[in-house]
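You will see two complexes here that share chain A, one where it goes with chain B and one where it goes with chain C.
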Partner chain A sequence: MIEVKALHKRFNDNEVLKGVDLALQPGEVVTILGPSGSGKTTFLRCLNFLEHADSGAIKIDQDWVNFNQATSQEVMALRRRMGMVFQNYALFLNKTARQNIMEPMVLVHKVSPTEAYDRATQLLQTIGLGAFGDYYPAQLSGGQQQRIGIARALAVHPTVLLFDEPTAALDPELVGEVLKVMKAVKQAGVAMIVVTHEMQFAYEVSDRVIFMADGAIVEQGTPQQIFESPKEARTKAFLSRFKVRYA
Partner chain B sequence: MTFDFGFILQVVLKIIPYVPVTLYMAVVSLIIGGALGLLVALARFYQVPGLSQVMTVMITVLKGVPLVLVFLVIFLITSQNFNNVAKMLGLHLQYGDLPMSLLAIIGLSLMAMVGLSEAFRGAFESVKLVQFDAARSLGMTTGQTIRRVLVPQAFPVAFPMIVNMLINLIKGTAIASLVSVVEIFSAATQAASSNYKYFEAYIAAAIIYWAMTILIERGAHWVELQLAKKMERAIS
Partner chain C sequence: MTNYFQPHLIWEFLPDVLSALPTTLLLTLVSTIIGVIVGAGIAYVRMENTPIFKQIAVVFTSFVRGTPILIQMFLVYYGLPMFLSYIGINADSVNPLIYLFITYGLNMAAFLSEIIRAALASVPKTQKEAAMTAGYTKQQMYFKIIFPQAIIIAMPSFATMVISLLQDTSLAFTIGVLDVVGKAKALGTATFHTVEAYISAMIIFVILSFILERTFRWVEKRSNYASRPMPIMATNPVIPVIEKPETV
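Let's look at the complex of A and B:
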């Protein structure tokens, strides 16, 4: 169970998030859509404490933690239950694919190196990169790197995975392989919050779609509700530009 | 003036035994200066309150003066105060008991610290911000991030400057001849003191410095290739 309430964030005079509330059931997949600058990415980064939110609270499995009063222990404990997948993959460039997946298991979750090695190898098989364990990120394509990024986040059995435009930096022909892995993550029962412009994915895979604009949630509902009969004018205007792609 | 090739060879053979002394002073200074430089660079990179400012001032002061000046100041301070301080601490040590190479190592370590702290800081800046985001999002501590991500990624960037520093330190050891440490340069000078063939002696010293520098650069080039391999895109 993941809950966020009244998340506020401002950069100087610019109020980026104007009190965002969100609650996810275990294993639920929520897609956040919205125009650039609507605060989607900032919202994810605040959840992970990569940005310092001004106020609000978060709860994952355990007690509520206030964003502006969290101790570093609380932050660490929350991060251990979250995984984050970045737009630019953010694999450790000095480590091989397998070492990237092993790193958080061994360092943060104190899994034994042999156990971590086996789980990394198994995850590499799952994402179709069984033969690439000893490759460095620079030797892999963007799609391959992003699949490893997902495996790295997934390796430590998080309650929720946060995806920050995971396919935005990819060549179109590489998007499919990443989306396939994301569908597999859903099958595994891990909750996901996905910021994306992949309407097909939002429509097919998510349990709920949220439309955000100007730092607030404008509308949310099932994919069918949002894509087929949006209520708000802003949602309609935004989706009309994508009509061709999901129809 | 006749040029005595034979004497050059003689001096070269005579000063080769002092290569280890020179290398010892240079390498120890590189290690000490490197460790201190790393701490200074980290304090400045993470903007540790107070410490960061103190380090910046210290580096600015040391960077602005010639090595020989630093060296003589260290010599003056230590030669005048060491005996008193040692007595106060109850140590039965006289200034004369200390190996003079220690003074050279202190001076050269400071020089290495200044140069390498700047090299490391530049190398730290080259590490992409998203690498730190990734480390934080995975729940890694700052210490883990420094050891596992920052330093390993900055090292290949700083490596050519570290090698450069080693070469500068080797040349800098000649300054130790000022306080009567017998190393390559002073050994060459001494060899010429009987027949005044200083020109040949200096050429001989230069040959040794050249040889060391060339060997180090060859070795460094090989290491650089190894470091670059993993960062390069595979050809296939």
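Let's look at the complex of A and C:
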């Protein structure tokens, strides 16, 4: 169970998040759509304390934590239950693919190195990179790096994974392999909050779609509701720019 | 007078000049260590914007970078004992090497601090964020992710600095320390074969610089993940093989 309550964030006079509420069931996949600058990235970054939110609270599995008075222990505890997948992969460039997956397990979650090695090997298989464990990020394609980024975040058994436009930096022919891995994450029962412009993915894979604009949730519902019969004018205008094949 | 150039003297002087090599090496090594430690400290206060310390660091580095090392050396050698005697400490019996360690160490620190700062800044910020979101402590983030990459980035400039420090130590003779150059100078004065003696010293410096350069390049190659050869090409399919059946 993941809950976020009344998240407010401003950069100087620019109020970027105007009180965002969100609750996810275990294993639920929520996609956030919205125009550029609407605060989607800031929202995700506030959740794992990469940005310091002004007010609001978050709860993952355990007690509520206030964004503006969290202790570093509380931040650490929350981060251990959350994974983040970045637009530009953000793999550790001085580590091999396998080490990227292993290290957070060993350092943060105190998994034994042999156990971590086995899990990393198994995850590499799952993402179709079983033979690439000893490659460094610089030796891999963007799609391969992003799949490793997902495996790294998934390896520690998080309650929820945050994705910030995970395929936006990829060449079109590499997008599919990453989306496929994301579907596998859903199969594994991990809750996901996905910011993306991949409408087909949002339509097919999400349990719920949220449309966000100007720092607030404008409309949310099942993919069918949002894509096939949006209620708000701004949602309609935004979606009219994309083509989605309805099932 | 037999003051003609006598090439064989170069070889005859070599063992004697070489006997001063430990001093030169010690000077280079200790100054480098001081330089790395103090330089890292300066880089840290400048990056963290620590008040007062930061201003001191800025003034210190521009002073060191903007004045000849010979002047810095005289300042430390003559100025420091004077200052110490003011506050009632007698520095007469201090080994002159100590002044050289201070001079060269601080000089290195000023230059290395800039190299360290640039190297740390060039590690992509997103990797820090990735480490933090993964739950790394700050210490883990620096020691596992940032430093290992920054060291590789800094290595070529660091090598250049150490090799030029080695040459700079040759000024040590001006305050009477018998390093390689000091020894050569003494031999030259005693035998009237100054040129031969200095050529001996030169040979030592050339060989030493060459060895240092080679060593650094070897270390660079060994430690640089980006320039490592690709592992044996994978035979597995590159297309993802998802374990569980897709229901979507």
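Here, the second predicted complex is superposed on the first by the 242 of 247 C-alpha atoms of A that agree within 3 Å, B and C clash if a C-alpha of one lies under 4 Å from a C-alpha of the other, contacts with A are read in each partner's own complex, and residues count from 1 in each chain.
Keep in mind that, in the parts below, contacts are C-beta pairs under 8 Å (C-beta built on N, C-alpha and C of every residue); 3 or more make two chains touch, one makes a residue touch a chain.
Predicted model, so just to flag it, every value in this text is computed and none were measured.
Once the complexes are laid over each other on chain A, chain B and chain C cannot both fit and instead clash.
Using the contact criterion defined above for the overlaid structures, shared-chain residue A:204 touches chain C, although it does not reach chain B.
In the superposed model, A:130 lies in contact with chain C only, and not with chain B. When chain B and chain C are set side by side, the one touching more residues of chain A is C. Contacts of A:82 after superposition on the shared chain: both chain B and chain C are touched. By the touch criterion stated above, A:187 is placed in contact with chain C alone, chain B being left untouched. Touch criterion met: A:48 reaches chain B and chain C at once.
Of the two partner chains placed by superposition, A:26 touches none, neither chain B nor chain C. When the two structures are aligned on the shared chain, A:138 is found in touch with chain B and with chain C. Once the two complexes are overlaid on the shared chain, A:91 sits against chain B and chain C alike. 48, 50, 76, 79-80, 82-84, 86, 88, 90-94, 103-104, 107-108, 135-136, 138-139, 152-153, 156 are the residues of chain A that lie in the contact sets of both chain B and chain C, per the superposition on chain A. Residue ranges of chain C in contact with chain A, taken from their complex: 124, 126-127, 129-137, 140, 144-145, 148-149, 152, 225-226, 228, 230-231, 234-244, 246-248. The residues of chain B lying in touch with chain A in their complex are 128, 130-131, 133-141, 144, 148-149, 152-153, 230-234. By the touch criterion stated above, chain A contacts chain C in their complex at residues 48, 50, 76, 79-80, 82-84, 86, 88, 90-94, 103-104, 107-109, 125-132, 134-136, 138-139, 144, 147, 152-153, 156, 177, 180-181, 183-184, 186-188, 204-205.
Listed in rising order, the residues of chain A touching chain B in the complex are 48-50, 76, 79-80, 82-84, 86, 88, 90-94, 103-104, 107-108, 135-136, 138-139, 152-153, 156.
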